[in-house]
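Shared chain: subunit A. Partners: subunit B in the first complex, subunit C in the second.
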Partner chain A sequence: MGLHIVKRDNCPLWKKCCFYFVSVFAALLIGAIILLAIGVDPIAYYTRMFTMGTIGNRIAYKTFMNYLADFVPLFLTSVALSLAFKMRFWNIGGEGQFIIGSIATALVAIKLGGVLPSWLVLILMCLAAMIAAGVYGVIVAALKVRFGTNETLLTLMLNYVALYILIFLMETKQDWNFFLDPEVPRPVPVSFRDLVSFPGIPLGEKFELNICVVLAVLIGLIIYVYLRYTKQGYEINVVGDSAGTAHYAGMKVSRIVLRTVFLSACLIGLAAAFKVGTTGILSTAITDDVGWTGIIVAWLSQLNTAAILFVSALISLLHFGSTIAAATFSQVDSSFANMLQGLILFLVLAADFFIRFRVVRTRKGGSNNG
Partner chain B sequence: MKKILALIMAMIMVLSLAACGGEKAPVEEAPVEEAPVEEAPVEEAPAEEEAAPADFKVGAIYINSKNDTAGYTFAHHNGIVTAMEELGMDVESQLVIVDEVPEDKEQVLAAIDTLVGEGANIIFGISFGYIDAMEEAAAEYTDVIFSHATGYKSNETNFNNYFGRAYQARYLAGVAAGLKSLEVGNNNVGYVAAHTTDYAETASGINGFALGVQAVNPDAKVYVKNLGTWADEVNEKAYAEELINSFGCGVVSQHCDSAQPQIAAQNAGVFGCGYNSDMTPDAPQAHLTAAIWNWNVYYGTAIQAAMSCGEASNFVATMGSPAYYGGLAENFVDVSPLSENCAANTDVAIEAVREIIVSGEWDVFSGVKLQIAADGTVTTVEAALVDNAGNEIVAAGGASVEDGVITGTMNYLVAGVEEV
Partner chain C sequence: MSNYAIEMRDICKSFGPIKANQNINLNLRQGEILSLLGENGSGKTTLMNMLSGIYKPDVGSIFVDGKEVSIDSPEDSKRLGIGMVHQHFKLVDVFSAADNIWMGKDKNGFILKKSRYNEIQEIIEKFGFSLDPQKPVYEMSVSEKQTLEIIKVLYYGAKVIILDEPTAVLTVQEIEKLFAVLRKMKEDGHSIIIITHKLNEVMEISDRVAILRKGEYITTVDTKQTNEQELTEWMVGHKVDLNIDRPIIQKTSPLLEVRDLTIRNDAGALAIDGVNFYIRGGEILGVAGIAGCGQKELCEAIAGLRPIEKGQMIHKGDNIVGLSPKAILEKGISMSFIPEDRLGMGLAPSMSITDNMILKNYADTKGPFVDRKQGRVAAEEVIRQLEVVTPSTETPVRRLSGGNVQKILLGREIKADPNVIITAYPVRGLDINSSYTIYNILNKQKASGVGVLFVGEDLDVMIALCDKIMVLCHGQLMGVVHAHKTSKEELGLMMTGALNLTDKYEDKPAGIAKDTLFEADGEGKEA
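And then the complex of A and B:
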């Protein structure tokens, strides 16, 4: 008798969902045990987390607006990353592309805000961010296509290049540096929200739905259609499955890689434009780690655009809700959200194993000695 | 296929670690005890205790974790908790905190929304970069009090700022360092600084310390290394070593978060002055004394004012000023207990200087200098305050520079200080 791992032929969708549900539940359970160990009532904590503390909150509408503001960049970045990942191009450079997009957005907003009509500036901000981030991403794709360099390393390292450019801009108090507030003797980023920012759609008395939420979901829908029903989307899938096959089938693999990576980085730039264009200010913490978290979301979603919508909503909820819950429990700090996120990731990856394979008992000698 | 999956898993593992900077499970957090930080002498406070309504909530926004056990956030958290306990408040139910909030306006505003939603009546923000978010929120939530550490913005009603005369404490530490430099016969003193002239806070700290050193040892030279950031343990250590090895410094002071410069001093067999908390336990053979903050002094005052002022809009009037700027006199800043490493008569000299500062007859940045003899006796002499480029800041006998300069525009280093 022994244990043997056998590949599953096909796992029905409902079964997959069950596996994922169980793994998320198990992660929450482990989290609950840890909470109990430090003397926190897990039910009270999770209730606050999943309701984001909105029960009995006099400014609950703000909570929802803040939640959506977290959700939009994460969702768009995850969609963008999934495009590259589908092609097995490991774009770890979401952070860097987001930062470059943010700087481009701020540049246009500061220089053109108030000069040109607002709607035009907003469009230019988006375009600038997309092109800047797109170029920043496509450099790596070009190097890979031309010289076979490792894109994981290069995108990863370019994150730090971008980050230090941003830190330099945020901390260098000089006359030329228009990213900083000229009125203040210290290096403080200048706010350009009064010059130009994305409008909100008033719903109800106080709640405002930022137009970026609508646009982001719309873009998600377009990417879904693009991947499923267009020739280019098909090409991405083929290149991902086997570059050799794609080549044999007459596809121009290099061009597909360049195009898709550019698109991926463009979308991350757009996410940055949405964020910076709404808050109207830069900071060294502008990414809020979306470039990293986006990788996790894309992977948890199995690179499925529809699933990304739900997973990024869940991860944002987890992150945002956990911060709010931690505010009232002195033993828990905001790291708890990161830990839960890590737990969920590991357990979903474990579940993935059981979706792809199953463990069976085998009898010594096999079955052919009848 | 399997290989790729493995690769991805490895990748994600590395990334999720990198992304979260090492996720820490919040296990085994020691209940906050105020062991290593100085406390104000316990005053007979309980008289006002009935003024603590059970539904009054204190909110706080921290730059690092509220479960830290050392450093800047820890010092503030400790101050708030101590002050609330002294006021007879229940910390567990009356204190709400959003921690690990970076200096990003949107994230600070979201944190404020969270705290307001939790019913906070007064919100403390401890990091300078929260300034614009707090100003904006104070205008939006007029029924909540906002109080910002290290900032310079305020309004007439519900928004103030608070900071302390750390330069006075640093002057005292400088006296200890100066006496030590005389004892060991080495005029080179080092200073690992987070920033130098970019920030008035750091410039005034360096200058206060240097003037304290010079009051004892007029020949002393203070070498400053600029970290360019508020916390960087690796360079804090490396710069201290450079000051000791390349510039021959026999005493190393610091304006940075960790005790690394003190540890470096101990390893090299020289001495040092810490900052923020008593660093004698970190470097028992090297540490002399540290300039420290008693944040609970302010937090107690502010929370009490917030509870008694009725409407939030009366807060600034109740505090008497939109900018709280306490010093040695209020016991808001101080030096930690002198270690056995201090030179003889350090205690006498420091007490004498403290008395002069507390009495209000003299302050550090003026046209009068103190001369401190080796036996600790203090005499005053009129002498101009000159920067290290030779410009006269205050003429001999002139009055002290204004508080606004010390908190806002001081962008020079005094004579005898060299940035290296």
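And then the complex of A and C:
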């Protein structure tokens, strides 16, 4: 009696959801075992983590606003990456594009904040970030189109170039360096939060819904429609599926690649503008690793824009919740979330196997009259 | 006769809901050549893959030399003396012939010994192959690679040899050579199963024929007691007219003329070298040649996908050299190329039939959005007219079987209402029924005054279907012959370069029309 693997023809949606739910649950279960081993009560820990400590908290609305501020850049970056991935352009450079976008945002905010009206500065911040990040991304696309270079390697390397530019700016105490606070003798980044910051829409008594959240979800919706129903979205799909076919159908493949990568990097720049425009300060840890996490989110969602909304909400919850839980449970570092995230990715991929295949027992016999 | 070399009893195998094999009984006698005949999707390759250890049967048992065995892996299969030559060769390009064989053997130890060349030379001589054991694979022709695959299974000690469509890539002369080798192997006591579509080859080489239809076993007959007509009926399930029509149509003046065309391939070598030809409306011009002698580059150049080194292409009096693929499409030149993997060019495999229908005209509508409604209507029409088997218009193309994929591709090209159709290998790997559907489509187009360039591989078909055939050898034109006046042998000689007919008539060089529109750039188009 052996087991063998049989291909499934079609897996209904509810079954798929079940598989994914089970895999996320299993990841949490493994996490619970680890927590038990450290001597932490997993139920208490998970409760604290998933409620983000909002229960019995007087400033729970504040916590939720902070959570949303974490969620926006991740969601937007994941959407942007999925755009490039759809075309099979492996943009691993989310980090770098995000950093370049952040620097551009800070530059505009510091130089023009207080000079021009606030709404205009905010728009200019977004535009500057988008163009800077877009150009940073499109360089790689241009090199690929022109010389056939490998985009994975180049975007990856440009991440470090951007990171070290940022570190240079954050650590060089010189008169010209307006990114640092002139009042402090040590290299400390200057805060421009009071000069310019994204406004919130007041909902209820104290809760303010940051405009970035609304914009991000709106952009997600637009990208969903863009990929599904527009000619440009159709072109992206064809190029991703078979570049030879796209060429054969008379599409200008190089132009489509350049356009899409620019758009993808632009959106990552916008994510950076939202982030920097909300925190009001630049730092070497400004990306919060969204360029990397975004790749995971995009794949977990199978490049589906609607799914990205849920997955990025979940992953942000893990990260944000674990930081808060770490305050109560001193034994568990906030990087516990990274481990959980890895487990979830691993198990969801495993679930994918069961969605595509069935394991059945080998039967013997049949009629023996041949 | 007591023990069969191989006996398969009540074999069933399904992939999801698809029953690829249902209660199949097959036996192979010691020292015979058995043809396995069946249409596409009838389960031939699946059945053979169960012998070579790639699949395991869901139900049923396999006996080798009368003993029941369980073949769990390719290693098991090798141990039992079963060797399979796959359609796609599994060779390492940079290794020599001998090293390709050598590396798969378990008990060779760590050191490459000089004696390996001699050992393999012995086998080569024993069966009458011609191959240099020291020749690296990347320098080999297709037929040499196939020879190497066969030597490989012989070297591993296979007593039962399975060949999956071995003749598809060979010229007439090479097929004869292969058959000679197969007969020698048979004399030596090997048992052979050969999978093929081609009935004439079945009749020529095999002792018995086993027929599958839609995953079911139909019968096994002695080749001597049957004929092509009867085999076809078993295979298809009903009577089929095996004649290909060649309607005679009033020809118009040349639609597409190519003069002195020179193209380089991806590696920078000459792919097409100074070739002249022309296509008239209402005729099918065949292109014959050994695989890889420039057909692909020629098709790509006409469609505007490949830069032209030298030469001219005139379509209805207008020069089309240097135009974009889009502009050439708009002139009414449609190109469909079916590559070996069938999906590489012309279709987006993960996208739906509807999405593939609008591939060439999605940009013609106004506004930023794609008009899928029109694509769905087109898809429904093609599905109905060409009898495509598919669950719906939204099924991804890669889920369809090969024949249906090709119908979709050709259907889309014809819907665009072209005046020149370039089609390469449109029946590649298709079964008889689907092939005849495709021939009918092409004939209908021809009847409506379209000029067809048909790049093919089966010479019998080309002689029956085409009006004229031009032959290429290493990118050079070997001549253009009338299909009803030529023979397979003549074409075969031209394909290998042994016969050059370009200077046959001194007054009329091959490939140049008398009523050329060539110098007529400014004279305006004809109706």
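Throughout what follows, the second predicted complex is superposed on the first by the 350 of 370 C-alpha atoms of A that agree within 3 Å, B and C clash if a C-alpha of one lies under 4 Å from a C-alpha of the other, contacts with A are read in each partner's own complex, and residues count from 1 in each chain.
Here is the rule we use: contacts are C-beta pairs under 8 Å (C-beta built on N, C-alpha and C of every residue); 3 or more make two chains touch, one makes a residue touch a chain.
What you see is a predicted model; the values in this text were computed from it and never measured.
A.B. asks: What is the contact status of A:Thr152 with respect to subunit B (first) and subunit C (second): first, second, both, or neither?
C.D. replies: first
A.B. asks: Name the contact category of A:Ser242: first (subunit B only), second (subunit C only), both, or neither.
C.D. replies: second
A.B. asks: Have a look and say if subunit B or subunit C is in touch with more residues of subunit A.
C.D. replies: Comparing subunit B with subunit C, the partner touching more subunit A residues is B.
A.B. asks: With both complexes overlaid on chain A, does A:Tyr234 touch subunit B (first), subunit C (second), both or neither?
C.D. replies: second
A.B. asks: Would you tell me which residues of subunit A are touching subunit B in their complex?
C.D. replies: Within the complex, subunit A contacts subunit B at residues 34, 37-38, 53-54, 57-60, 62-63, 66, 69-70, 88, 90, 92, 152, 171, 173, 185-189, 191, 275, 279, 281, 283-286, 288-289, 292-293, 295-296, 299, 323-324, 326-328, 330-336, 338-339, 341-342, 345, 349, 352.
A.B. asks: Applying the document's contact rule, which stretches of subunit A touch subunit C when the two form their complex?
C.D. replies: Contacts found on subunit A: 4, 6-9, 229-234, 237-238, 241-242, 244-250, 362-368, 370.
A.B. asks: List the residues on subunit B that touch subunit A in their complex, please.
C.D. replies: Listed in rising order, the residues are 4-5, 8-9, 11-12, 15-16, 18-20, 23-29, 32, 65-67, 91-92, 95-100, 102-107, 109-111, 113-119, 128-129, 131-132, 198-199, 228, 408-409, 411.
A.B. asks: Which subunit C residues qualify as touching subunit A in the complex?
C.D. replies: So the residues of subunit C in touch with subunit A come to 9-10, 12, 14-18, 23, 25, 56, 58-60, 303, 305, 324-326, 329, 335, 343-351, 355, 358-360, 362-363, 368-370.
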